[in-house]
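What follows is a pair of complexes built around chain A, which joins chain B in one and chain C in the other.
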Partner chain A sequence: MSTSPRILTLRVLRSSPVEGEAPHWEDFRVEEAEGMTLFLALTEVRERLAPSLQFDFVCRAGICGSCGMLIDGKPGLACCALTRDHGTTITLAPLPVFELIGDLSVNTGKWMRGTAERLETWIHSAAKPDLTAVEPRMEPELAEAIYELDRCIECGCCVAGCGTLRMREEFVGAIGLNKIARFRLDPRDERSDEDFYDLIGDDTGVFGCMSLLGCHDVCPKGLPLQTQIAFLRRKMVAVGLK
Partner chain B sequence: MTGSIEQTGLPADIPDLPAPGRAAAIPVSATRAGARLRKSRWPARLDLLQSVSGLFLALFLVAHMFFVSSILISKDAFHTVARFFEAAWLFGKPQPWVVSVVVGVVFTVFVLHAWLAMRKFPASFRQYRVFSEHKAQLRHSDTGLWWIQLWTGFALFFLGSVHLYGMLTQPELIGPYESADRIWTGTMWPLYLLLLFAVEIHGSLGLYRLALKWGAFEGRDPVHTRRRLRVAKTCFSVFFLGLGLVTLLAYVQLGIAHADQAGQRYAPSVVGNVAVRN
Partner chain C sequence: MRIVYTDVLVVGGGLAGLRAAVGARRRGQDVIILSLVPPKRSHSAAAQGGMQASLGNTFKGAGDNEDVHFEDTVRGSDWGCDQEVARLFVHAAPQAVRELAAWGVPWNRVKAGPRQVVMDGQHVTLTEPEASHGLIAARDFGGTKKWRTCYVSDGTGHAMLYAVSDQAVAERIPVHERTEAVALIHDGTRCHGAIVRDLVTGELSAYVAKATCIATGGFGRIYRVTTNALINEGIGAAIALETGVATLANMEAVQFHPTTIFPAGILVTEGCRGDGGLLKDASGHRFMPDYEPEKKELASRDVVSRRMEEHIRAGHGVKTRFGDHLWLDITLLGAQHINGKLREVKEICQHFLGIDPVKDMIPVRPAQHYSMGGIRTDAAGQARGLAGLFACGEAACWDLHGFNRLGGNSVAETVVAGMIVGETMADFVESSAGELQVSTALVREFLEREQAKIDTLLHGNGKENASELMRRMQDIMTEKVGIFRRGDLLQEAVDELQALLLRSRKIGIDTKRAGANPELVTAYRLQKMLKLALCVAYGALQRTESRGAHFREDYPRRDDASWLKRTLATWHDDFQTLPTLAYESLDVTRMELPPGWRGYGAKNAIEHPATEARVAEVATIRSAFERADRYTVQQALMPFDHLVPEAFRGRNARPGEQTS
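Let's turn to the complex of A and B:
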């Protein structure tokens, strides 16, 4: 016996800072399909009901991190969120903290670049890079550990899920701390813990974290943010006690 | 990690870099290799001090609950515990000032911990509102628990101070009748009831967060450990709230029974406790 498909109501917080359009909720009704994701539902809305609806996507597979948004109040990726896991009314809002482009689209790239510059999240080495030389060998376990932290797709969900960062926007957030943890692991990066302390050794860095763990719980990639932040805290306190 | 910058697709000369919409701790121009100022070590020490002071207070809380609940065994048992802290076993006769010294140390750590913890409080109405809305929107358990920790901590500023000041200035009035009279005839039971809930909830949440904050007991499966820590936190709260309520009820009953002779000091029925023997 077949059941009729659900009619979903997507309640979208719409706005357009460029056109001066004030934030307001707008409802769109779509028929739920088998295995439908929010990305598919939003695409249908844009194609049939609201061509001006703004939302970002690239990969549609949870890899690019473009479609981060607040789904029923929780940060998540629209392309990974199945509509069947939600009620018939789903509220969608843009991620907070980031610069709003319009509707569900935010400029995470600008924020991420600012954080990368601030925390100097690149390999620091005094050696002159030789682009033709074979890279030094690395133990597979170490490479795996670095890769584990490098899986961050910079979607911004951890930023939106962090109560500390919402209160204090100068806080580097889990994404910044995770990147420091990643470069600290990398033997090609010659920075010491003292150097990392200068980047995150205050209340805008690792000591500002209140261990609310919203970041860890909303990360769509399941990064070990809880353990990495605790690890960094121990290392940075060790520097502070020297 | 230059890739992470490049993948934003943004040109390198964006005018409002380095920290869009945010105040960087250090200007990027000052963070270039060789040009960076050495950052103060105090944030690390203060962070550690907040945790250590919290741990000390939580452990004291546990010991304190067992000491005061000795009234459930007998009046003599509590009398013996109370006199023990007056160090008659050391000085030959009870010295209430020893209790004041102990309370003074606890009070000092209490104030220190409150001062350190205040750094994490919302510092403006905007921060308060943002966090409050974030908590309601996210419906995330640990975020909600922190809010409870915040408000129980705030309540302890007052409730804990009243209790500690009383113990600091009247150390000789700790005993079965003395404490029961204070609680019932002195109408301290409402304060102690509120204090009990605030301190036990705050303490259990604090210990739980302390373990997460420093990665204690992480083991091979931190997710599983966190679940177990939550169970332990709840058990801690339930056990000590239960013990505290039963103990407070015992003092209230004793206070009611002793109301006619309020102010009368307790004399042990068995000459055998440390204080009397010495």
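Let's turn to the complex of A and C:
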């Protein structure tokens, strides 16, 4: 086993729409360190080699969903990607579908806010909660099942991996369908299946999905996107037949 | 000149800012939120462990109420907190949890019947009461008498942040993402909004507001090793300081979290110890009981962190080429528990260490975690020194936490303070004091001043390198203003930071572009962060005692006689290199819980002259009201009802407790 560290080449797709700078590849060389993540590698590049390099890290711990990018062509969170799991040349490109801000930075925030507004991803309830009263009960298993679907960190990896979205911009994507599944499961949300059908009962919603499952494999949170989409489709077909 | 007008400007889209914004919006105000990042990416999302509120639903939480939560909080603070604020907080916390439940947070729920838990290294069976089935559950956290920390597996902050953020969307509150407030507009007595930089285009604009609220979170990034997100740079606190009139308080009160993975500094939640995890040394020995026979791993964070460092100094750490560490052992909790309730911890261990905590111990060492200090406000959230300026969340020193905050009390503070400040701001905007009276000349002056600063950085002839200065500052803070502090080292830190501040005025920048420019951002933030670092280091140097998280090896005793006071820092003109410090005494004669021993840690405080009399007075009141209910006793000891906004009055119901 050799002891000298690898020299990595980070091949980054750079661009700056604001400055009118067209996309082009640029290579940066860094020495690999023990336990190095792409967060550490890119930070080093910015500090030593390219002070203008744009990327978005916030939590650097796989929690906030800021740092999605195409890593060797596959969507993933750069802060959790250990360089030792990759070859000596690692290509990095911004996530497709989203508005490009510059270099590896894309505007997922705008897209996600759009999704939240369109699908109304909040609890719809007519009752005003009585804050001093003992809270309404919920089965422990149900609470955990809701959390399972609530774990989405809006990183956009599933969006970037989705074939439908590249062709049909208005498609809500796996993330949108997962959100609907989450609120549908939650008894505190008073919306009915008919209401949900109005939101996703066409080919910008659940009927647009071609079940190619480019989304499922790339979700860093391992959300059960495949089963949720299939389940939701059956429920919505049932409403459609009524 | 681009000017945006609004009733309420909330700077910060974390839990505190969002909740305050929703509150003001529901009172009919126009609200705009500014955030460096999409709000759901704020650091609140990283809170894994939970939120304290005395619901008393579980077997180990039975008998819990506001009184117990209050005492735990005051003891945790090492008597540094504002007790009235603590009362207000423990009163509103159950309401905040229940509101979040109604907004969709999937709190873990009580399952009636027997269940296996790990306590003090032993497997124990607890039987949860039938009457609580389906109510909100709670786990154990450090420094608490009852199991009080409500949680959503280990994604509590995430679930809370998403719920509140979605409420803000429901209320149609615009969030201007990727924007940064770089200065407050003010005339020396009244705040009129902020100068805001668009982080994509680089454009500066003025946001003119009747009420401005700073909710920008903590400033952990002045340290090299920290659990905080990269964006926790304290710019909100710094721009308040730079007004010269607003005040920062207790900046030297910095918390270090015991268990962060080594060496990356990424947090593993206190829930690991709460759920039964143990701390072990190089020889596999569980050492905490040797130091803290009563609370062991679950003493407050300041105490556990210090004991760990002490143990490492005594040579019991595991040696590596990055330095020494200890072990956190959660293997005894079993695969099912770890894969379910501690999954984020498992993911973090896998991603960053390549280990499986079901089988392997986790290498840990304390790191900077939380800023108790911040913008000094009153109990309603109004900032001292500048009308129309408000603050809440970690950016504020509302003074719930004093010199040490309890785990789970911070996310609780964000939403509770947000609830209160939302009301305060709405009241203010509706009042005559809230009217907008600002001249465009003033706005222009501020805008031009900020533009000039940026132009100087971009086109001046400075030669200093911003990243290098940043690294140096962070090293100084971690090495000399850390867990153990000493006069000579603190003096060195202050001297070196002052020198850095002078050098930071001569930064040069290679990237000349005005738009997205990370190098420029580092440069102007560093200039502000150095001021905060100086407030911390200089405050720590002056405070010749040990209290909570502030520990002076040369002054190891808590000194109530001289130091039962809050440090206040201001920065009058831009050419100062040190903050101006002043002190405000805490009034022992009005304390519901007069100073005493915390129940863990050292037992050697120097008593305040008024303590004895107040202890006797409290005892007299308690015996006089022997037959009265707890609300009446509390009211007699330290009334706080006048601080509770109308919307949050009323007694909190609990299963099995009479409220009237």
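We adopt the following convention: the second predicted complex is superposed on the first by the 233 of 242 C-alpha atoms of A that agree within 3 Å, B and C clash if a C-alpha of one lies under 4 Å from a C-alpha of the other, contacts with A are read in each partner's own complex, and residues count from 1 in each chain.
Everything below uses one rule, namely that a residue touches a chain if its C-beta (ideal position, glycine included) is under 8 Å from a C-beta of that chain, and two chains touch if they have at least 3 such contacts.
Owing to the predicted nature of the structure, the values given are computational and were not obtained by experimental measurement.
Engineer: Looking at A:168, would you say it contacts chain B, chain C, both, or neither? Reply first, second, both or neither.
Structural biologist: First partner only.
Engineer: Looking at the overlay, what does A:123 touch: chain B (first), chain C (second), both, or neither?
Structural biologist: In the superposed model, A:123 contacts both chain B and chain C.
Engineer: Taking the superposition as given, does A:230 touch the first partner, chain B, the second, chain C, both, or neither?
Structural biologist: It touches chain B, and chain C stays clear.
Engineer: Give one of first, second, both or neither to describe whether A:154 is in contact with chain B, with chain C, with both, or with none.
Structural biologist: In the superposition, A:154 touches chain B and chain C alike.
Engineer: Given the touch rule stated above, what does A:133 touch, chain B (first), chain C (second), both, or neither?
Structural biologist: Only chain C; A:133 stays clear of chain B.
Engineer: Would you check which partner chain A:113 touches, where first means chain B only, second means chain C only, and both and neither mean what they say?
Structural biologist: A:113 sits against chain B and chain C alike.
Engineer: In the overlay, answer first, second, both or neither for which of chain B and chain C A:20 touches.
Structural biologist: neither
Engineer: Taking the superposition on A as described, I'd like to know which of chain B and chain C A:213 touches: first, second, both or neither.
Structural biologist: first
Engineer: Following superposition on chain A, which residues of chain A contact chain B and also contact chain C?
Structural biologist: 109-110, 112-113, 116-117, 120-123, 154, 183
Engineer: Under the definition above, what is the set of chain A residues touching chain B in their complex?
Structural biologist: So the residues of chain A in touch with chain B come to 70, 73-74, 96-97, 99, 107, 109-118, 120-124, 154, 161, 163, 166-170, 179, 182-183, 197-199, 201-205, 207, 209-214, 217-218, 224, 226-227, 230-231, 233-234, 236-237, 239-242.
Engineer: Where on chain A does chain C make contact in their complex?
Structural biologist: Those in contact with chain C are residues 16, 18-19, 35, 37, 46-47, 51-54, 56-66, 80, 82, 101-102, 105, 108-110, 112-113, 116-117, 120-123, 125, 129, 131-140, 143-144, 146-147, 150-151, 153-154, 183, 186, 188-189.
Engineer: Spell out the part of chain C that touches chain A in their complex, as residue ranges.
Structural biologist: Those residues of chain C that touch chain A are 37-38, 40-43, 45-46, 55, 94-95, 97-99, 101-104, 106-111, 133-137, 152-153, 155, 158-159, 162-163, 166-167, 169-170, 175, 177-178, 200-201, 229-231, 264, 266-267, 340, 344, 347-348, 351-354, 467, 509-511, 513, 515-519, 648, 650-655.
Engineer: Please output the residues of chain B touching chain A within their complex, sorted ascending.
Structural biologist: Per the touch definition, chain B meets chain A at residues 1-2, 4-5, 7-10, 14, 17-26, 28, 31, 33, 36-48, 119-120, 122, 127, 130-131, 134-135, 137-140, 142-143, 146, 209, 212-215, 218, 222, 226.
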